[in-house]
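Below are structures written as structure tokens.
Below, chain A partners chain B and then partners chain C, in two separate complexes.
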Partner chain A sequence: MRLLFLLASFYLQNVFVFCSQPKRVVDQMYVSFDHARYCVRRLNGTHEIGCQSAIRGNSGRMFMIDNDKEFNSYLNDNKTMNSFDAFIIVLNVNLFDSNHIDRLMKRLDTKLNGLLLYLKSKSARPLDFSPDDQCPNHRNSFYLNQTTETINWNRRGTGLFFRSFPFPIMLIEEEDDYQRLLKFYQQFSNGQSTPACGLELKTFQSAAHTTKTCMRRNDISHSLIDFQETFCDPIGGLNIYSKLPQSITIVPDQRPLKSVILILASTDSFQMFLETKRPTGGSQQPATALITFLALAHLIGQEQDELTKQNKEIIFVTLDGDAMDYSASYKFMFDMNNGNFPSGNKNERPIETKHIHSIIEFQSLSMNSELWLHSYPSKLIDQNFIDSLIKNNRKINQIPTGTPLPPASSQIFLQQTSSSFPAYILASINQNQILNRYYHSFFDDPSTLSINISTLEYNTTTQVSQWIKQIVEPFAQTLIESLVGVNKTVHIKQEIINNLVYCILKNMNCPLIHNVTNQSVGNTFQPFDQTSMPFSINTYPTSITPTFPFIQYVLGYFLRDRSFDLQNLPEKSCKERAYKDNFCSYTFVDGYLPSMNSNNTLSSGYCVRSYLRSVQSISPAFIIPNYDLSKTEYPTWTESRWTTISLRLFLIPTRTHEIVTLIIGMMLTSISFFFLCFLRYYTKVSLLQPSSS
Partner chain B sequence: MFTYPTNLKFEADNGCQFTLAINSYYEERISTETEEQWFRGFAFLPLLWLINFIWFFRQAFKVEPYPQQAEIRKYVIRSAIGTFIWCIIIIAWNIIFQQLRTRLGPAGDYLTFVVPRGYY
Partner chain C sequence: MECAGCTLIAFGVPFSMFVFTIAHHPFRIIIAMTSAFFWLISLLLSSLLWFAVVPLRNQLAFAVPFTVLFQEIFRYLFYRLIKKAEFALQKAQMQELTAKGMVFDRFAVAYASGYGFGLISGTFAIVNVLSDMTGPGTIGIFGHSPDFFIATAFLALCIILLNTFWGVIFYTSLDKDGIHRFIGPAIVVFTHMLFSCMTLLNRKSTPTYSISIVIGYVLLVGMVIYTLILRGFNINNIRQRLN
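Then we have the complex of A and B:
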């Protein structure tokens, strides 16, 4: 008997080992799509926007709609509608507008369990796509309580970004993914007789209701639980500013009135659909403007001998968070009005509104043959400056003064200071609309600037880098003319702009950043290798983006004290200086050759003296103690946290199949039960107890 | 808490028909014990009443009558009523809290021990 048992168990063991391949049932059941973009939850003081799924994901029968005709026939197809309780509609991204979505939501109502958008191929992208509002940032604009007519700057805007959906929305942009999806769909979509395709979308979000609720819940902690959960984070990154180190005003000295020129650019954008570690879009807004801004900083640094002769200060400021109701600009003005600008050193004379001469802003630059200069207020603007700018660069047109300003950070600077200085905005925005067809969407990628990102090299001269050179040189020249009064033709090496274009649009871990930082800082960029355009909504310091250190080091290096370069300090004394000097920062770097004078032959690195400050740019609403977050005085945007994102396809069997499976299962269970009872009753040998033999 | 002597328990577990030989000493102890438990239960301890009820139910209703049984029965019944009232209070609060948690605003959040993710 025992021998028989041993033999049987040996045989069973072999069969078991042979059959058990390392495959899990789950893997056999689902087909995952790993490169799907998704829409998340964001909150402000009064509303929530975006989308989310249930905690276990939303699933339903997949239904694919490619064009308007199919869309209409689907809505009228009562038979299909009634056949299932839940649908996941797979929609061509071209049909993603408020009209189609509203009709779909109205017709399907609670049966609409999710939406998956697809892009057929790179060339099939819509002609225009912008989920932003038609009048971007209208909730907190300069013209909020004024009678000025509202201009719909972004007429292509669908406003879908600012709507709240009760279901998840995802997007697949890879052609392979679309083909895979289509293959399954065609295979299993022939009516009731075959299994149907189902989709499961999982984008559960932690935050809910409003920023006020969410921030309150963030603060609740119980002493019994060590782990304090955060549901949402305030939107904002870093406001970074730099200037020539020679122009620091230390306390006993008075800063002359109207002596500070602020040059502004933003470092953020938003997209309705995002995906971590993938390009976010934002080439025309804000990347082009940011490259122009950095190139201008280089030109000002290059011509610093001229500029330090007079008592004007040019401060380069990057703002992060302005895409969402200008929270960065509010923070900047809040700091300035409270005597915290510049931050960091109390011995430095603070800059107040009265010290500001003018502000110049670069906004949304698209590579067009024309550019427009918006200015305000008409009684303060320096017409000579505008005239000489137009004289130096024929591409620039002046917008008649008195026309409302386009969406730009300057609006908040003017609003908070009662327009006590002039603002000039250089943008690809004409009198009534933004020329960017993909404003604030992920389609705003380098291809819109005629760049083929796969072939872009570190030093490729592209159309856009030439275009920027043509803009920035006359601009710097005009600045020097109007500030110093010297007519001087200035030149920037094309290579510098090429490098900036490569670093920002393709790979932040580029040679430039390694040249302008020390080794340890340079190494922190390695995890971001091949990271391009991280221009999304930032929740610093929770989310880490390479943009801020990149801007800090590049801007600081471009505006360095060039006379200090020649001192040839060794690394050790560079560190000592950094320790002693509270006003400037000192970095020992290898050096970026195109930016260095040809006559200095420094081989093993040198010490760079620069002026650099940064402050967190979250809205003042989160800083003012006991501020009521439901008030609308300051923007109060927060972004929800999330943990899992997944998109999976599975098969929904037919009803007959399901019933048969259930019956077979029940039968098997009962048979095995009876069989065991039978064995137990009739077998004398118990396997569980040692036999007596 | 007072417990039965082990020999009695063994007899009861056996499942056989025994007449329990409880002497008057034990009956006295049980009587005072139920009374004490009943008063202790007023310190917001509904579980104590529940235990009092379950533990002495047999003594109060199932065994042969003896002099102290009336007293024991009184406190056992009172404990049962107390438990019942407490159950109503707890269940009602549970329903009210779950229904009104979001509508209570800050108070609802501060009363919540583990805030659920993603829901109002």
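Then we have the complex of A and C:
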């Protein structure tokens, strides 16, 4: 009765703002798991992938399977299987591969209403876990129509990410969530008569069928309702590029042929199980490559006096969206082929294929003792460059140029330009294998780089930051040697790499980003305090992700015009310059000490001049008017929208209990009905007669 | 399915009562609705009191007696309202109204008012629990008794029926002269307080619902008998009526 009274008062308490939270019966019926990861729906031109639940959630009897033995005995247990209509199988994540899933789906058929994976503890994570295909991005690769043998780069890949499941799949990775689940399961699953535990998975996705259908539905506006409902969004974020501001070719000057070197890195990855507030993975791919990329940018910025003496320009480009069939690279090449690269200013001479000297890419860098350099095509590569790279860094091995390229954005650059320039890919990928055991999964976290994330500080020197320093310094040295001809040893302060590792892998709201931005931009990082850089699929319209501002400002600062630093412009004239100059951006920042020369004694900030451009990176398929989205020329990936995600545990009432309650109710109603009916027609009780008032 | 069952248990009998005693009589419907509204105001006042006394918010045993008192006060206030309406109706042209069939039957009005009070009281008692029952789960994961839902439904039914008879006893007692004017309301208040405080026993984590349910239904039988006595029934009358 206590609950009843509180519930009655609750109705009226709604009027009052400061009411204390009353307890509801529903809190005593359901156990909620708030940190579960879930799998979502994505679509492309011809298929849908991922998982989906019914709009009210999928519920069923919970059955826990911990190892192979229990798995086999469950599949052979006909009695349990026939006693319930719907099952939610709780499976150890070590058993999540296509063999087990196929057998389970075949045996249970429509009775399988959902799958919940669990990780027993942090130390019990599987040795490898990669839901990506064995040959990643094979749908739009350079080797699509060629007869070369396909190499299975990701041998551990299960391909489950690209399959479509008619039921929801969720994953719990916290140890105390697993303990709670186990406790309730063991408490309530003895025999058939006691009520059994049930689970409800709710991950309703709005999108269905294919991208073409979904985008068409997006555009349907019902005349009675003003706003349109969006079911899916194209994937894509921002491609960001920057270079030394001194070298800008303005119309009508001609850009010399083969004068542009592009340095590429990715800023996205995907994982089958995501949760918006939890780390996304992506430490080995793309975080390490991205940190190397930014450190190289700093070194190039540091040595800009040497580099501006010659006529080649180095442009640093980050691509967002390449994890799903290279959407960002296709967009980049589409812009280039249409004269839109670099974007933004019509007075800047566009860069075309003939101007590109070579492209260098950092891809999938894991902390191994060896690295490999892939290159293509053999007739265009500069063997001297490769030789001096290997001479400066003994860890690099050259892969013979005949072998196919691993999954990398360079493939699309070569494909769209018919291989008219050489591509060099530095990766932890040998002749036939990606060495990352957790390629494109959320297990790819800093612990795979031997980083203890809980004790990592802003300036901790970790093994991986030293490793990156040992790669990036010889690399910059080789670049400068081959461009300027000067044999110069270059050094980058270890502190800079430590800070980058901290900011990207632990806390984006770090002193580095506050030092390279003005106050209002710096404040936009406050909500992301203590979160690492998210490496997941971004969609357009771009959601509020801190990744792009971070890269823009850090890259822009590292490649800034250092001679401009000394001009010591006050803030007001910095802003005026920003209005007048259309090519470069001017920001008034506090300054990042490790990057500044020691004889600078600027106390209250200074104006920074840098060249920075950001372009949308959604696939050209969504930009070309009247493009048929079912064609495979360009990738057409979209991600569904969803609202609530929930995972609840409860007791399923026994059949007898339900039926008894219903029968009692029906009997009471019918008996009272007939009794009163009898009293009306066979007695003269005035109350029941219809005539009087 | 459990939700349907509990809804039928709690509202099955009142529904039949509605169909056969109130549905055909617009006047009784109005009385029932207005009576329900008075109950709502009494609930508002009790929750204002509960809200105001901040330190005792968790002590349900403090709030329950006051709620009972407020409800009974409003039952009395409704009685006064009906008295005024009856007086006004009598001042109007009674013959015309009688010809149309609108006779002021005091017993029916008392019954309808008690029914309205009871219906809204029972609804508030159970509707939240019913909506929580619509999910796939049932109570018990934290060790609560699995009979919670059935017990709630039966208690809600008991409250609805008890309120109906309390309404009749209250109003017919007040209409009589002499000692009945005090005994009737006193019995109503006393049994209401007894019933509500009995249900406070259900707050333990493994309560014995049978105590409060049995006592509730025993009280109900007692109220039915007292109503019949007040209306002047004895064994002979009943035999005559039924023939």
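By definition in this document, the second predicted complex is superposed on the first by the 634 of 693 C-alpha atoms of A that agree within 3 Å, B and C clash if a C-alpha of one lies under 4 Å from a C-alpha of the other, contacts with A are read in each partner's own complex, and residues count from 1 in each chain.
Simple rule for what comes next: a contact is a pair of C-beta atoms (placed from the backbone, for glycine too) under 8 Å apart; a residue touches a chain by one contact, two chains touch by 3 or more.
Just so it is clear, the model here is predicted, and its values are computed rather than measured.
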| item | value |
| --- | --- |
| First (chain B), second (chain C), both or neither touched by A:F184 | second |
| Partner chain in contact with A:E229 - chain B first, chain C second, else both or neither | first |
| Touching partner for A:R216 - first (chain B), second (chain C), both, neither | first |
| Partner chain(s) touched by A:L127 [first = chain B, second = chain C, both, neither] | neither |
| First (chain B), second (chain C), both or neither touched by A:E658 | second |
| Touching partner for A:R24 - first (chain B), second (chain C), both, neither | second |
| Touched partner set for A:F673, first chain B, second chain C, both or neither | second |
| Touch count on chain A, higher of chain B and chain C | C |
| Contacts of A:A208 with chain B and chain C, given as first, second, both or neither | first |
| Common ground on chain A, meaning residues reached by chain C in one complex and by chain B in the other | none |
| Of all residues in chain A, those that touch chain B in their complex | 52, 55, 204-209, 213, 216-217, 220, 222, 225, 229, 231, 640 |
| Residues of chain C defined as touching chain A within the complex | 1-2, 4-9, 12-13, 15-17, 19-21, 24-28, 43-44, 46-47, 50-51, 57, 60, 63-64, 67, 101-105, 107-108, 111, 124-126, 128-129, 132, 135-142, 144, 146, 148-150, 152-153, 155, 157, 196, 199-200, 202-203, 212, 241-242 |
| Sites on chain A touched by chain C in the complex | 1-13, 16, 19-20, 24-26, 28-31, 57, 59, 184, 188, 195, 197-198, 200, 648-653, 657-666, 668-670, 672-673, 675-677, 679-680, 683-688, 690-693 |
| Chain A partner contacts - residues on chain B that touch it in the complex | 102, 105-106, 109-110, 112-115, 117-120 |
